[in-house]
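Structure first, commentary second.
Residue numbering begins at 1 within each chain, and the chains themselves are lettered A, B, C and D in the order written.
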Amino acid sequence: MNIQIIAATILLAPVIGGLIAGIDRIITARMQHRVGPPLLQPFYDVLKLLGKENIAVTNDQSLYAVLYLVFNVITLVMFVLQMDLLLILFMLLLAVASLVLGAMSANSPFSKIGAQRELIAILAYEPILISSVVGMYFVTGSFSISRILQIDRMLFIDLPLLFIAFTYVLTIKLRKSPFDFSTSHHGHQELVKGLTIEYSGPSLAMIEIAHWYETVLLLLFAGLFFANNLYVAVAAIAICYFAEILVDNIAARLTWQIMLKSTWIPGLLIAVVNMVWVYIKYHV
Amino acid sequence: MVSYLLLAMILLPMLLAAVVLAVTDRRFRNVCVLMVSGILMVSALLIIKTGAAFVEIHGTLAEVLDYVIFAADVAISLIALYFGFKFRSIVLAVLSIAQLIPLVLFHIQINFAGVEKAFHIDHLSMIMLLLVNIIGPLIAVYALHYMQEHEHHQHLTASRQHYFFATILLFLGAMNGLVMANNINWIHFFWEVTTLCSFLLIGHDQTEAALANAKRALIINFFGGVAFILGIMFIYSRVHTIAVHEILTYSDVSVLLIPMALLVLAGFTKSAQIPFQSWLLGAMVAPTPVSALLHSSTMVKAGIYLIFRFAPVFLGTWLADMSALIGAFTFAAAALLAISQTNAKRILAYSTISNLGLMITLICILDIYAIYAAALLIVLHGVSKALLFLCVGTIEQAIGSRDLEDMDGIRQRLPLTAFLATFGAISMLLPPFGVLITKWIGIEVTASLPPVMFLIILGSACTVFFWAKFIGKLLSHNPEAEKIETLFLTYQGPLAIIAVLALITSIFMIEFSNMFIAPFISSAYLGSSDQTIPNVLISDFAGFYPPAFFAVTAIALLLVFILYNWLKPKRYVQPFLSGENSGHNQFYSLSDGKFNAGFRNYYFSSVLNEHKLTYLMNSIASALLIVLFGVILR
Amino acid sequence: MFAMVKNVIKNLFSRPSTRLFPYQTREFFPNVRGSIDNDPEVCIYCGACQMRCPSEAIVVNRAEKVWTINPYKCILCGVCAQICPKKSIAIHSEYVHPQSSKVKKIRQKKVVEEAQSHA
Amino acid sequence: MAKKTILPFGPQHPVLPEPIQLQLVMEDEIVVEAIPAIGYVHRGLEKLTETKAIAENIFVVERICGICSFMHALCYCQGIESLMNITVPDRSRFLRVIWGELHRLHSHHLWLGLLADAFGFESLFMQCWRNREMVMDIMEMTAGSRVIISTNALGGVRRDIDSDQQKFILNSLNKLQEELDNIKRVFSDDYTVNKRLVDVAVISKEDAHELGAVGPVMRASGLSFDYRTTGYAAYNELDFEPIVEQSGDCYARMMVRLRECYQSIDIIRQAFAKLPEGPIASPVKGFPSGEIATRVEQPRGEVLYYIKANGTNHLDRLRVRTPTFANIPALLKMVKGLTLADIPIAILSIDPCISCTER
């Protein structure tokens, strides 16, 4: 049974992730009054990348790209197997760390600055991600997804502020505007493509596919707040992702200074307020 | 049998220290050090095989020992007094007198009485013994080659290595004594010996900075020593015993709260918790094996050991909660400060302080998993940190700098060392290695103390930042770098062994926990019957079973290598430098000709000003300490 | 923060303003300077256009009655058409599609077919 | 602090519209020093003008810069015309104003789009450039070409605008003004945009004067000067005031250009209202001689032409000083102390035209 679940996850997740990326691109295009690419364009892109020559600056860059992919897959599988949420977050960290190390291994100032910015992004979102998990713990008494799913309340009702904070850092995690400064879907930023600037061909394809897995994981995470009702959860995920696209299109790219301030001060503040409230509600 | 092992582990290193001091021949010294190292490792393993035990010393021998140790303790205070006058430091002089007078008065009060069960070897001692007697000797062996090169760079007329190795051996002997002694007076004596040794080792290079930092270490640790001796006097006045195992059986916490607070304070100074962290940072001027020794297996772990030893007495009290808070605060603050450091050794030092804070937090949380995590962290941190320090030392000797920014292309220049250092850093940061798991447990168990948990969350985010910078630098590629690594068995050998140990301890975390920590928990926390052990044996940490995770990681890595071989770049290009490359890392500028592009990690020097932040952190931590004592003394 | 929302939502629910070129094309305005051609039968091969062409794109061979324009040099200023005594040079409003090789446009008297030679 | 981050920013960098290299010396992300290097697109156009006939030179100077090509041609023509004492017909003076302002409109829209792109606001970028299409369509319809419209000629203009076209233009401009209102709201009020523009790269009034800044850069620092107010072409018969902002930061520079878009629309309407009937060009005979310096206000600021003629069909010397060249000292002053993220915005805020600068 587990083997089947794992296989299904590994095979289905990139399809779903790719389709989400395709829908994202179409909606983004429409928001900019463009026709936009076909729905399957992300797949065409990746297939094209896979067919290209792998050109690199250093020997082990591609290694990190593959590591990034593999750890993202492992993290998603762990999520689907309903393991401990904190552990899943740490595995996710491992995935991001490989991306950062890949960027730092190349001797390019642009990718290295991108790596530092990504690290700052980790600094910004990690406390909030962990806080949301801890908030869930306060409500359900467990860090394990299998236990969280058993609860018959909707977590969102207890953790609305944490959900807001979570969607806020989701923008950082998905590297969408206004927080797309470590790398972006467009080369038009001061770091060109930041983290991924020295990647090309199949290794870049690996990173793209890893993004799909990551997107699926993060959206499932968002769905966890509505886990007791599947339809509500799917609707919430859709609304959540639409909001991300909307924000992507109505905001300028901010700087990491502003991001750090906004996540650590108001972001963590509302997270803490929510945590204190559920702590008092369930533990005092 | 056990008493011979005790002799081998405590007295032999001390005796050989005297011999090494007297005979300055290098070859003889090397043989001595290697021999002691071997003996220590073997004896530690043997003593663990024997199992938990008390060692009793009776009659004249016991009396003589009591007097000798008293005399030696007084002598240490006198030495400190001497240095107080030599350095013209009133604080040091006052502290040494403040230690001397209670010491003498107390011994007169108890009439120089001893404890029959002079040594107590339980599972906590065993964990410490493993750490001290495996990592410590490996560092000593490493130092043989290191000190040779170190003195070569110093251009000394006469070698001072005999002082160095004598102190190291004395240090190891004292640590062994410290973790096994059952007489709290003896613990205090060994405690003071480690203080003295660290003072000598930090000041070893005799430079101005070294002496100033050695003095600071002595002052801060003597402050801890004073707290310690006052704590002992308090304990005696309350419960009339100086035997540790008897103190631990005292169930009425409120009676012992004040002395325990004093002992915790002593532990804080030794374990360099904020606001006492400055001595450990200053200790970075010492030769790197010293840093490794101080940070991994000895000295700072002595403070942790003391708090861990007495934690069963005060767990669940205000003292424990406040200590956990101060520990967590140290964890977060030191991690934040580590971000601003460019000096690789100082980064490691802050990381140590931070991890010690986490250990103290875990020790002070009333949760069985917290105890597991605390004990695991002591070992895992000790191993990884020893590896990291020794690697940085090797790099420093090879490139002549300990600045992280000078370590570009270290991968090509010192492949083995860089690999081991990266391994060490990864074992401190990433799953499935144990240190991260203890952090995870830290968050899970502190759910009952939200502020503590919050600090741990913030701290782990900062930790990621500075470790990732560190690893990234070690792994960064520089095509122009040339290999300069020279291999020696006694130089990189210990590094490799420690790296293997780090891997093994992480893989066999569960087995280790069941073998050492579970019995310790059942004896120290659940009353001392062996039948309770099955209750505290664990099969995994909330779903985390290290061998499985290592297997998954290994399979993933295998998969990665297969994919990687398929993906291996066929063609190499120069990095993007806005279209103006004139070399791999060089660009052409119309105004200046060829120019090297550079990159420096972020240190946030304008925001994270170390000086100002330290001041702030010290103030907050001092305030917390004052609150702690204020409430207890009420 | 949300000043752009109105625009974006309006865009989302209205027809995109981009065209799927080349399947859909826009009509050219009249008098657009899209491409230049010469009627070889009307042309008298006087060479005035060659002399006045600012970018030296036109070459006229009076003897063999060949008029050649290099479209990759031509800046479409329209001076040639303006000064042509027989008005045989015409400017068409259609732009030229991209090509994969640089081909000169040659107009020759009596030979009606278009000849091509590589630049 | 021995090692520093040194980043070659340009010449080939996606946020730069044109090749310029700034060698950025940084601490963390703060730029402590910026060393500029230009010369990547030098094409020798000034030299070329000495070999071409005087009338042909119009097409050469138009190609100094695509975006403000009409102004270059205008400046050149006005110079030659005053050397030869030609009075151009009234209608052509007004037509020159109309096309000139259309150029300003499309240049400013282009710039607004690029600025939006520089701070990573893709949808706003698309919006600006879509609006710019309207102006380009006007140009295509009236002049037959979208960017380099080549309507200037010695003694007047080459094309006329009839009444149908006039109606189309005014309609388009009404639509453009509506669209402009939409993007103005975003540029001036949006939180994220303000975060990226306000108080970034400030140039004080004194510095702007000292460093010889021109155009919107100067006017954004509170110096009220616009060369159009001296009344070349038909500007003396039109009613407008130089647009001035006080704060001297990127936001002010953006606001100056945004408000100048409205101003241009207004000027075009006035010009159509006052457009006299009559011929569109005077006959030109003979060749100029002597030397002259002439100036025109381009979208980017004031351009200066020095023309030396010797009575033949070829010039002795043509020297062009473009607004970007005048603004580079101000730029270098701005970028010091900025963070890397603000560098593209600061560079764009002077609306750099490197091809102009290098000719």
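Quick note on the criterion: a contact is a pair of C-beta atoms (placed from the backbone, for glycine too) under 8 Å apart; a residue touches a chain by one contact, two chains touch by 3 or more.
Everything numeric here is computed off the predicted structure, so don't read it as measured data.
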Compare the CA centroid of chain A with every other chain's and tell me the farthest one.
-> C
Pair sharing more residue contacts (C-beta pairs) when A-D is set against A-B | A-B
Whole-Å gap separating chain A and chain D, where each centre is the average of the chain's CA atoms = 43
Where the CA atoms of chain A average out and where those of chain B average out, how many Å apart are those spots?
-> 37
Centre-of-Cα separation between chain C and chain B, whole angstrom = 79
So how far apart, in whole Å, are chain A and chain C when each is placed at the average of its C-alpha atoms?
-> 50
Chain D residues touching 2+ other chains are 5-7, 9, 13, 29, 121, 123-124, 127, 130, 190, 192
Taking each residue of chain A in turn, which ones touch at least two of the other chains?
-> 31-34, 109-110, 113, 192, 249-251
Taking each residue of chain C in turn, which ones touch at least two of the other chains?
-> 1-4, 8, 11, 17
What residues of chain C sit close enough to touch chain A in their complex?
-> 1-5, 8-9, 11-12, 14, 16-18, 20
Tell me, which parts of chain D touch chain C in their complex?
-> 52, 56, 59-60, 63, 121, 123-124, 127, 130, 137, 140-141, 144-145, 148, 150, 158-159, 182-183, 185-186, 189-192
Give every residue of chain B touching chain A within the complex, in rising order.
-> 408, 429-431, 436, 440, 443-444, 447-448, 450, 453-454, 457-458, 460-462, 464-465, 468-469, 471-473, 475-479, 542-544, 552, 556, 559-560, 563-564, 567-577, 584-585, 597-599, 601-602
Which of the residues in chain D come into contact with chain A in the complex?
-> 5-7, 9, 13-15, 29, 116-124, 126-127, 130, 190, 192-193, 195-196, 339-344
Name, in rising order, each residue of chain A that touches chain D in their complex.
-> 28, 31-34, 109-110, 113, 177-178, 180-181, 184, 186-192, 249-258
